[in-house]
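In order of appearance the chains are A, B, C and D, and numbering begins at 1 in each one.
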Amino acid sequence: MNLLLLAAFWGVLMMFLSVLGISRSRIRLVAQWGMGLLFLSTAAEMQGFVLYDLNAPEMLRVDRYALVLLAILSGCGFLYFLLSATDMAKVGSDYSEYFALIFFVFCGFVLVLSFTSLLMLFLGIEIVTIPLYILTGADKRNLKSNEASLKYFLLGAFSTGLMLMGITMVYGARGSFSSMELVGASGIPTQLLLGGLFLMLFSMAFKVSVAPFHFWTPDVYDGAPTVFTSFMATLVKVAAFAGFFRLFDHAFTSLTPAWQVWAGVLSVCTLMIGNITAVFQQSVKRLLAYSSIAQAGFMMLGIYGLGGVAKEGMVLYAASYSLATIGIFAVLTRMQDYTLEGFNGLAKERPWVAASLTIFLLSLAGIPLTAGFLAKFYMLQAAVEAKYGLAVVIVSVLMAAVSVYYYFRILQAMYFRERSEEVSFPVFSSGFVRVLMLLAALILVMGVQPGWLLRYLYF
Amino acid sequence: MIALLLVLLPLIGGGLVFFLPRPAAVRPLSLLMALSTLCAVVLGLTLYAGIDSWSFDAEWIQPLGARFTLKGDVLGKWMSMLAALGSVLSVLGSWNTDRKKPQRFYGLLLWMQAGMTIVFLSADAFLFYFGWELALIPAYFLSSIWGGERRIAVTIKFFLYTFVGSVLMLIGLIYLHGLTPDGSFQWQAFRNLELEESKQVWLFWLFFLAFAIKVPLFPFHTWQPDTYEQVPTPVTLLLSGVMVKMGVVAMIRWLLPILDIGVFIWSDVLICLAVVGILYASLIAIRQDDLKRLIAYSSIAHMGLTVAALFSLTGFSNNSNVVLQYHLIGFQGVMLQLFSHGVNIMGMWLLADRIESRFGTRKLSELGGLARTAPTLTIFFVVIALANIALPLTNAFPGEFLQFNAIFHAQSPYRIVFLIGSGLGVILSAIYTLNMIRRIFYGETNSATENGLRFSIAEALALSVVVGLILLFGIYPQAALDFTNEYAWEYVKSIDITRFLTK
Amino acid sequence: MPINYYLFLSLALFSIGMVGVLTRRNAIIIFMCIELMLNAVNLLLVAFSKMHHLKNLAINPMIGVDGQLFVFFIMVVAAAEVSVGLAIIVMMYRNVHSVDIQFLNRLKH
Amino acid sequence: MAMLSFPHIAYLIPLLPLLGFLINGLGRNHLSHRAIAWICSGVMALAFAASGWVFWNLPAGAPTILTAFDFIRVGVLNIPFAFQLDALSALFLLIITGIGFLIHVYSSAYMHEESASQYGRYFAYLNLFVFSMLLLVMGANFVILFIGWEGVGLCSYLLIGFWFRNPAYAQAANKAFVMNRVGDLAFLIAIFWLIARTGSVNFIDLPMALGTVGQSAKLSAMDITGITILLFIGATGKSAQIPLYTWLPDAMAGPTPVSALIHAATMVTAGIYMIARSNLLYTAAPLVLTIVAVIGLATALLAATIALRQNDIKKVLAYSTVSQLGFMFLALGSGAYVAAVFHVMTHAFFKALLFLGSGSVIHALGGEQDIRKMGGLKKSLPITYWTFLIGCLAIAGIFPFSGFFSKDAILLSAFLKSPVFYAIALFTALLTAFYMFRLFILTFGGSFRGMEEQRHHLHESPLAMTLPLMLLAVLSVVVGWIGIPEVLMHGGDRLAEFLSAVIPVASGHEVSHATEYMLMGLSSGLVLLSIYVAWSRYKQYRSEESESSLTRFLDNKWYVDEAYQAAIVQPLHRLAGWIRSFFEPRILDGAVQGVGRVVRYLSQQIRFLQSGQTGNYALWMVIGIVLILSIQFFIRK
């Protein structure tokens, strides 16, 4: 709950800062401090230090799962600010508003992660998405940015409609919005309930860009300003998934047989479309967009498998995927040329950046020693026991092999090719590089000792 | 303690070398590291031979139940010795060749060794998989940064091919892990599963593909010649000398004892594959003009024989001591050949590298007459090449001799066919080896070869070590056999599937 | 009056909205269709809340109120969306002098 | 005292040549010609002395087994690195070291033109060969025998290709090794079979395996037949019998002394030795014996016919060797192992003599080997002339030269086996006499047909070469007298009784003395006749003889090489080429690459789903929804 209060407060604060018209560097500092504070407060809450205990268990309940994920999100958000806050200035003039919106999004995260009522879920999702529409279109002069935001908005609103219809049907069948009372609901579910369930499944699938509801993703990620793409592709997606998982883990356990297979089917479709389409991409930004779809496919395995292992996997995946993707996007933002050729010969001139990028890519590809491997490992383990699990798992590892192919194209560009004359690499400040290496180190540590993170799930 | 040392020395040493400021000190330091690992092995074999000094166990990833367990059984000791030897040889062999960024090169090389050592020693499936990949990643970078002109396409093929195999194995591991009562990855836990036939039949393939690709076995070998052709030779040396053995070791430790029924059901198919592979690879080698590719194919053929022998060991002994005795004979052959082939092929690569770097070509058709201009090279080459085709009094002879016995005793209706088929390999190997010798060393010299080559001390040292081992295990193989005998006996008893009948 | 009538009506409205989204090219109209979907939801919610309220009147008179509450939230959120959405559309119009979504194809493949 | 040091001296026999090999191999760049020659011949002389000592002090009765160390001991399988000394091996030791010594001496002069390092290399190989040959005959079990077997094969490969700059020679060397490998494979399989059944490869365990000593036999009749056939195939490789004989004539590419030592006296007789060693097995497999006899006879005849038309002096000798080896196998096949060994012995001497003689001729003519360009050498090379004549008489089997006795023994055994065999064998013997004297007359008789400057350089060879010639000449006369048949002299057949410990005297059905006399007379008479024919035909030889289809057929050696090329080598080569250039890259690797290509193609196509049209996106979503819901609610249930 600490995070909710602080985030709301800081969002308002940032808005006022813009009015006061103080220098950008100050604004940035405030934002970064704020985000750091969010992280610390969440960490403190884990140790039992609560600023204000909102006693509404039928609306929100902040359990360990929510706390750990919030800590991860705010931590990643902090690193994200450290790396990319300066780049936001390039997007447009409303510097501090961007921060404000991001803080508001964090408020949404809290709701999404700790809801016990479908109402809160709905509100949370909306609080997360509406600022994103704005951020996507933040680059006003840029047609691509406009187009992206409009597409995102239309489709987003559409899926909101679906979700509401789903919630309503569930409500009609159950007579309550609580996502807890549905636990262990026995007996044959009425068609109404099932229909509502499926509509919610679809709309959540849309939010986390699972095929065939993923079509907005590449365009939006591609069109939005890269800094914000990085935010959407990582934290937002992770949070949405966490909510997705929370909903289906709590709410519909008794209906599992009805939807589980579909979750499997969706994840297989997502893996195939995401990975296979990514192979052909030339622009790294768009490639990452597709790769994020592919990763969503893998996270979907967690929802397909459910259970404790899946929960841990979700946490691990949230951390590893966010860290790696934030790092890559942070570098990508500063590159002149977003195509693969733009990365040619990076290793020679910026060895440390290239080295950390390598670790990020390896992690995304799921190579051992990196957190990405363990995350995928957990997901596979969760899925393999489920119905038809083996087939799904085999497809997914084959697709993982495909993903290795396109991730390694970036590696090859960086290490094995010569820089083309016209492109010149940006100068990375030593601080930036250090943070980047910190991310890489975190990924490696989690890859060897995930226990240090996971043990916070249990007390 | 020793086991941990064997993993840590190259790991840390690799790190040191990797971040070494001055290139000048790189080779001595990495040689020192490799040598110290070798010394550690030797110590482990002599003074601290006890199992407690060879086993290490620590909590690792509790949520998964994965532990950091190293257990140096005789197989592990034997192969980690090969790994240490391999890195020593590859450092020595590349002593005089200059590379850009030598720190990175040798650092990665040592890490590769660390990975392979983990594979050889780990008694925990998860750790095993870790090492399996840890050995692969440095190999990939080594190959793609320092390799030949077609390196990028070739190495990605190599990486993807092996990666697909290993992820399939990963699924198998996860599945078994799910079946274990205490949710552990320990070898013993897997071993105790005693799965029913219906499961083993398909589980087998998940593991087998990974190993078969690594070995590589006949239809899955196409990555190998390209890779060996493109990869810098010190790496090839480790790849073919040691890494390839990972596949066989994995079969020995993770396939036969755990999925023994599955193995037995498919053994005919597998031996058949292996034998076809022997003939197939040998035939290609006969028509091969590229020295490196030729060696690569010969290696495929020889590993094929080893695998065929290995899979001939499965079956029902009905507790008859005699059958087990013959399985013992065959398995001893496999153990011996694992080491011998490693040594021989490493020697071959050392020489191939020297020839290429000196005369600027790998094409047999562009060489010739070296016997007159480079007698020392000739002697080394002929000795090692003949050892490679298992001439008596060289180290490969006892190994292959015993392996043929194993095939002869395979519990398969086609064992005579298998025996003759693999035997024809002996003839074909003679053909291609002699052709190779004839075309490189005999005949008239040409502009390239008329001024011969001489070896630096380091190279001469490396080669003498190889030849020394060839003669040692050729004339007195009993030394090796005694070392492995007890383990082998326990092993053949453990993979006997008669116990399933009695259940 | 049985609940099914409401159900069918609002589902019909919802579907009409959906079809509109699929068929129309004008961003504004599409957005209105979405609004139509939302309102269909509102209608259904109110109907359901009434139903549950009547059903459990004896046990707990408060049951079903939350449905009505939800409607207000939906309206608020919809309003928020409208404000943002219209802003985006206007921005679009400034740049390309059209709100036809078929011209939105710079981003593809 | 003597017995005490017996093992040490026995060990010395193989170790001495090994020592020589090491010294020359390592020091070949530093030693002078003289030093090299002395060292090698010295170690050979010592080895000969040692073997002589062993021969005389050979403990009677059971063979002496000297176990050096365990070579391979796994479970039931125990293969000691052990030597077996009995009559048979002792006899071979004498032959090998003796002839080996002479040929070393001969070579020291013959190879003198070579540079010091080549000279050293040559002698190193030669010593290594002797070492392996000694391993072969001293080995106490099949594996050690096989080690020597492969070793001599290797040395023969190295020595045939000694002048490696000539590609043809190198090719011949390869051919020899590969054809031997074919035989070796059969040999190996035989060993595996033996191991599989008896778990032992020691010679002394053979009786037990056969169950002759009390307990039941471990080997079934089937086993014995299989093993013996495989062993025999191995022998055909090493001893140049049909179908694996074609390497031997090509092997003449090596230096002449090598041909004398390896391809006439010692290595090629290894097959006979091996079969004689395992005579117990063969006696138990009558069918196989017949096969051996038939093959031997066929080879003898075939080679003899080819030899009729050869013009290269060494080729003639080579084919005659093949033919003589055929005789030996005939003897083995007829169960007369002693006769075979006897002929091995005599043949070793007179064939070595002939080869060395031809070497001296070639030496004198500066490398000329074509007998059509020789003739009239009697005056200029008297010693060579006389010794060569003795050799020819010996091989033709004229009383009292050694060849007479051994060949007579073989003919007799053939006669006992079947008159038909006898007839063919006799005919072959006549052919032998004919072509040998054709060779002799063309070389020494008539007038010189070579070039002028050759005529001027004609000279008798140095003492180092002629001395061995003379010694061998003497030996090839007298050595036959240790096996005088019963009829001519009571107890004259000392060889048989000497070998009786190893080779039990076959209590075959005896023939009456009258028949035996008759056979001897017949053969001798006909041989003399054929010599006369040869003499009368070739004494005034001018130029090419008449061509006919038959002669052309013989000139081309029955087209056997061509047949092998067409039937085996070419198809294999083509198959390999097809695999290498089509199957591997297209099919196997093609499949692998194909997967990649498919993925890339799919990716290219699937991309277009991303049309950029918001409407389409919504449509896809709705399609997904409708699909899933309808399946869920109407199909699944």
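Assume contacts are C-beta pairs under 8 Å (C-beta built on N, C-alpha and C of every residue); 3 or more make two chains touch, one makes a residue touch a chain.
Source: prediction; values computed, not measured.
Set side by side, C-D and A-B show the greater C-beta contact count at A-B.
Chain B and chain C have Cα centroids separated by 66 Å.
A separation of 98 Å divides the Cα centre of chain C from that of chain D.
Computed centre separation for the pair chain A/chain B is 43 angstrom, with centres defined by C-alpha atoms.
Between the CA-based centres of chain A and chain D the separation comes to 78 Å, rounded to the whole angstrom.
Listed for chain B are no residues, as none touches two or more other chains.
Within chain C, the positions touching two or more other chains are listed as 18, 21, 101, 104, 106-108. Residue positions of chain A with contacts to 2 or more other chains are 150-151, 154, 158, 218-219, 405.
Counting only pairs that meet the touch rule, the chains in contact are A-B, A-C, A-D, B-D, C-D.
Contacts from chain D toward chain B in the complex involve residues 69-77, 117, 143, 146-147, 150-151, 154, 157, 161, 164-165, 167, 170-171, 173-174, 177-178, 181-182, 184-185, 188-189, 192-193, 195-196, 572-573, 575-577, 579-581, 584, 588-589, 592-593, 596.
Interface residues of chain D, counted against chain C in their complex, comprise 607-608, 610-615, 618-619, 622.
Chain A meets chain B in the complex at residues 312, 362, 367-369, 374, 377-378, 380-381, 384-385, 390, 393-394, 397-398, 400-401, 404-405, 408, 412, 415-416, 449-451, 454.
On the chain A side of its complex with chain C, the touching residues are 119, 122-123, 126, 130, 133-134, 137, 140-141, 143-144, 146-151, 153-154, 157-158, 160-161, 164-165, 167-169, 171-172, 175-177, 218-219, 222-223. Note for the complex: chain C touches chain A at residues 3, 7, 14, 17-18, 21, 27, 30-31, 34, 37-38, 40-41, 44-45, 48-49, 51-52, 55-56, 63-64, 66-67, 69-70, 73-74, 77, 80-81, 84-85, 87-89, 91-92, 95-96, 101, 104, 106-108.
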